[in-house]
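Going in written order, the chains are labelled A, B and C, and every chain counts its residues from 1.
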Amino acid sequence: MKARLTPWKLGTRRLREGAVRIVIVGLFIMFVLVPLYWVIVTSIKPSKDYLTVPPVWFPAEPTLVHYTAALFSYRGLQGLINSLIISSAATLLSAVLGTMMAYSLARFRTGGQHLAFWVLSQRFLPPVAIVLPIFLLFRGWGLYDTHIGLILAYTFMTLPLSVWMMYAYFRQLPKSLEDAALVDGLSRWQAFRLVAVPLAAPGIAAAAVFIFISVWTEFFFALILTSRYAFTLPTIFRAFLGFQGAQYGEACALATTSLVPSIVLGMLVQRHLVRGLTLGALRG
Amino acid sequence: MVQLAPADILPPPGAGRSSRLVSAFADRYFKWLMIAPAAILILALSIYPLLFSLWVNFVNYDFQIPGHDFVGLQNFLQVIQDPLASSALVLTILLSLTVVAIEFVLGLALALAMVRTFRGRGIVMSLLVMPLFISPVIVGQSWALFLQRPFGPADYLLGQLVGHPVNISWVGEVPWVYIAIVIADVWQWTPFMFVILLAGLAAIPQHLYEAAELDGIGGLQTFVHITLPQLAPIITLALTFRLLDAVKLFDIIFMLTGGGPGTATYTASFYLYQIGFQQFHLSIATAGSWIFLILLSVVIMVLVRRLLRVEAA
Amino acid sequence: MANVKVSALHKHFGPVHAVRGIDLDIPDGEFTVLVGPSGCGKSTLLRTIAGLEEIDEGRIEIGGEIVNEMRPRDRDVAMVFQDYALYPHMTVFGNISLSLRARRMAKSEMEERVGRVADMLGIKSLLERYPRQLSGGQRQRVAIGRAIVRNPRVFLFDEPLSNLDAQLRDEMRGEIKRLHQEIATTMIYVTHDQVEAMTLADRIVLLRDGVIEQQGAPLDLFEQPTTLFVAGFLGSPRMNFVKGRLEGGPDGVAVKLNGGGPAWPLPRGRNPVLANGAEVIVGLRPEHVGRAGTGPAAQGFARVEAAIELVQPTGSRSYATFKLADQPVMAELQAHDISHAGERMCVDINLRRVSLFDPGTGKAL
């Protein structure tokens, strides 16, 4: 005899499940938010609130003084500008080159599975394994500590992302539109530019945002390939290693400056998050 | 009715003869021209450096010792005989497996909790995925700040929780420093597992559950017999991606522990960074990174091939 | 304006040999329909003519010029696709004018030309709309407009009506036929629908498994199918096939159906050269099986008594199924000739229109 679910039993089960659900999600949200809140609140705390027990959760006199210090004394402003230039340029380059390659792979099966696999495998190369020779190469070519050098490195780094995201996108677009364009008298390039790219625009935009975020937040390449001139925002955090002085405010101000834009951008493409995280292997 | 007169016959597209030839050439080799720029960049920044470093493996390339003499397998021996290298490798493996396991369990729990729609789900989703968009450096730095002794809020909050003052040296003592790293990594990457597993859960056809309910199958059995098998390919995918990223662990170590106390939290990446860019034994670091790369590529081959199959299905 | 000539054409897709040696000569201005079941290679053949598929062997000529190596854009052919393939991000004007833009035509001339075509197709008021704002029939017209605006040498149609509902399909079919009468350009039209093939074509090319099974004027194919396959493919409802064997009689050759019944003497001139007693398949179109009149059966007709098992009225006609020598046969009757199943009646079979096939080779006798 099977156990039958009476409405009453069903009701309590639902309630219990609901409660468990709320506890799990609530605890994790706390876990996520508390450190973030701490960083943001510290960035507007006056210095005297740093070293207190119990900690100050709500500063009585919020201040923006750490932001000016971080931007000007710690060269945060230059890092910010560098980050903007380098992230934008690398995003543009990676999206363009990646879309072109993805189109070729998706439409013509260029190079079969091997080429696609080769591009994908680049995604999993540990940066430490290739950064050393790139470092030597860049020194030889005069690309060390230049914007262009870092832009190229980041374009390379994000190509698997743009290629694979766009590859998955192109494969779900109907081929007959491009056939029509070819018969209409367009060259292959025109069919790509005037028909395929406009149709893939939403996918390209989403891919571009993910590229931007991954460049914006990248640390290792910037650490090795730049020093005094083309450094990016994340590399400045080296200055706060160990928190020797009372620089909490500056560090947190800089952190806030860096994380707010990427979180905002991330929210914009949340719908495409699954595709972005799995390089298009999964559709969300 | 309008007739299109013969005079309306159009010239072929493409004006001059020479431009037509160029365009015909471009069309013929279109698929290769389209991949060329990206492929050249990858070749220049991946294949060329790898080949170059292949040479560096076997010579002296050290900012402290001039000249590039052939040294045979000396560089490799230096790495293999360095006890720090092997301990860094072991730590990398243990840490990656630990964080991925914890992230998987937490991510799955979150995904199961979030799979039904409810009011405010969109906002909750947005909050949950925020760590994915934050630079790992900032994650490391934030947790360093949060776990700071004695004025960081972590010890204080724990003290409130257990009822007596807590004084843990999170980044200064050995068992705690590992826990600190795990916490920071779990904080950043659990949302990754969560998002992917949630997508997988949402894709399981509802009628399977309805059928199970009609058959009187209980919640746990439904999970074991329906949810897990349906989710299996997605779980493989999520674990693969996460594992291959976890072994690169560097940024959080760099900001949170600096490899310390002593060399207790040297991971493979951090070790190679120290040898290459702090001590400038470039050829030794190169040999080390080749060993790391070879170990990894075996894993990549197996896992990514499997991924491609999932994608093709 | 050009003829199209295809010689010894072969095309493989990996292990699949899609087109196996097709020879086809389409004169200038002819409306040719390529028809056949799905997978017969008709679409592939069309796409090779357009230049969208490369060919493995053989030759394609358009207007006397070999175009094997020529890109689609240089072939000066236009194509209407099954899903219309309208560019969703362009207006109707943009869709129709793209081919003109590709040729760098001046804007004023372009507008004038698109205007004329839009007039011709009755879509002038839609020029600023996007494809998603159009109905199925309007999309179809835009797709045709896009093809005719540049006055190509050859029109290609790839199952253009298969996405439309039945009524619209009939209407558009008529329009395409009228279009051909007006512009008299060579048209090659692919369909799997034998009604479309019959109504539109100057010439039907019936393909099967990558080769041409039979080609010719629609009525020739219909009345003199050279194979069992052609006979079964064309005509709706389908031709009835019953098994039988040949018998020599006093007045020439007769057919005796398997399962009994009298032998039917074949009319003069139908003397298949086959051994006495050879097995044949007898093909009877439903319209050649009708209700018997009063009096004895006329010369060249065979009368049988039928127990009707199934009646399918269509309004103008009723189709009745009965067993002839234990094999089901459908007869086409006047609407009121029969009311319900179970009735018994006499039917006359027109022996002059009987087709005979060799069951081994499927060839007509």
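In this section, a residue touches a chain if its C-beta (ideal position, glycine included) is under 8 Å from a C-beta of that chain, and two chains touch if they have at least 3 such contacts.
All values reported here derive from a predicted model rather than from experimental measurement.
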Going by average Cα coordinates, which chain is farthest removed from chain A?
C
By count of C-beta pairs in contact, what is the leading chain pair?
A-B
Take the average of all CA coordinates in chain B, do the same for chain C, and state the distance between these two points in whole angstrom.
58
If you average the CA atoms of chain A and of chain B, how many Å lie between those two points?
12
Among chain A residues, those touching two or more other chains are 185-187
Flagged in chain B as touching 2+ other chains are 12-14, 27
Which positions in chain C are in touch with at least two other chains?
71, 73, 99, 102-103, 150
Which part of chain A faces chain C closely enough to touch in the complex?
174, 176-177, 179-187, 190, 194-195, 198-199
So, in the complex, the side of chain B touching chain A is made of residues 12-14, 23, 26-27, 30-32, 34-35, 37-39, 41-42, 44-46, 48-50, 52-53, 56, 61, 106, 109-110, 113-114, 116, 124-138, 141-146, 148, 150-153, 156-157, 187, 190-192, 195-196, 199-200, 216, 219, 234, 237, 241, 244-245, 247-248, 250-251, 254-255, 258, 268-269, 272-273, 276-277, 282, 285-286, 289-290, 292-293, 296-297, 300, 304-305, 307-308, 310-311
Which bits of chain A are touching chain B when the two form their complex?
2-4, 13, 20-21, 24-25, 28-29, 31-36, 38-39, 42, 50-55, 57, 97-98, 100-101, 103-105, 107-108, 110-111, 113, 115-117, 119-122, 124-130, 132-137, 152-153, 155-156, 159, 163, 168, 185-189, 192, 213, 216-220, 223-224, 233-234, 237, 240-243, 248, 251-252, 255, 258-259, 262-263, 265-267, 270, 273-274, 277-278, 281-284
Going by the contact rule set out above, which residues of chain C touch chain A in the complex?
47, 50-52, 71-73, 77-79, 81-83, 85-89, 98-99, 102-103, 146, 150, 156
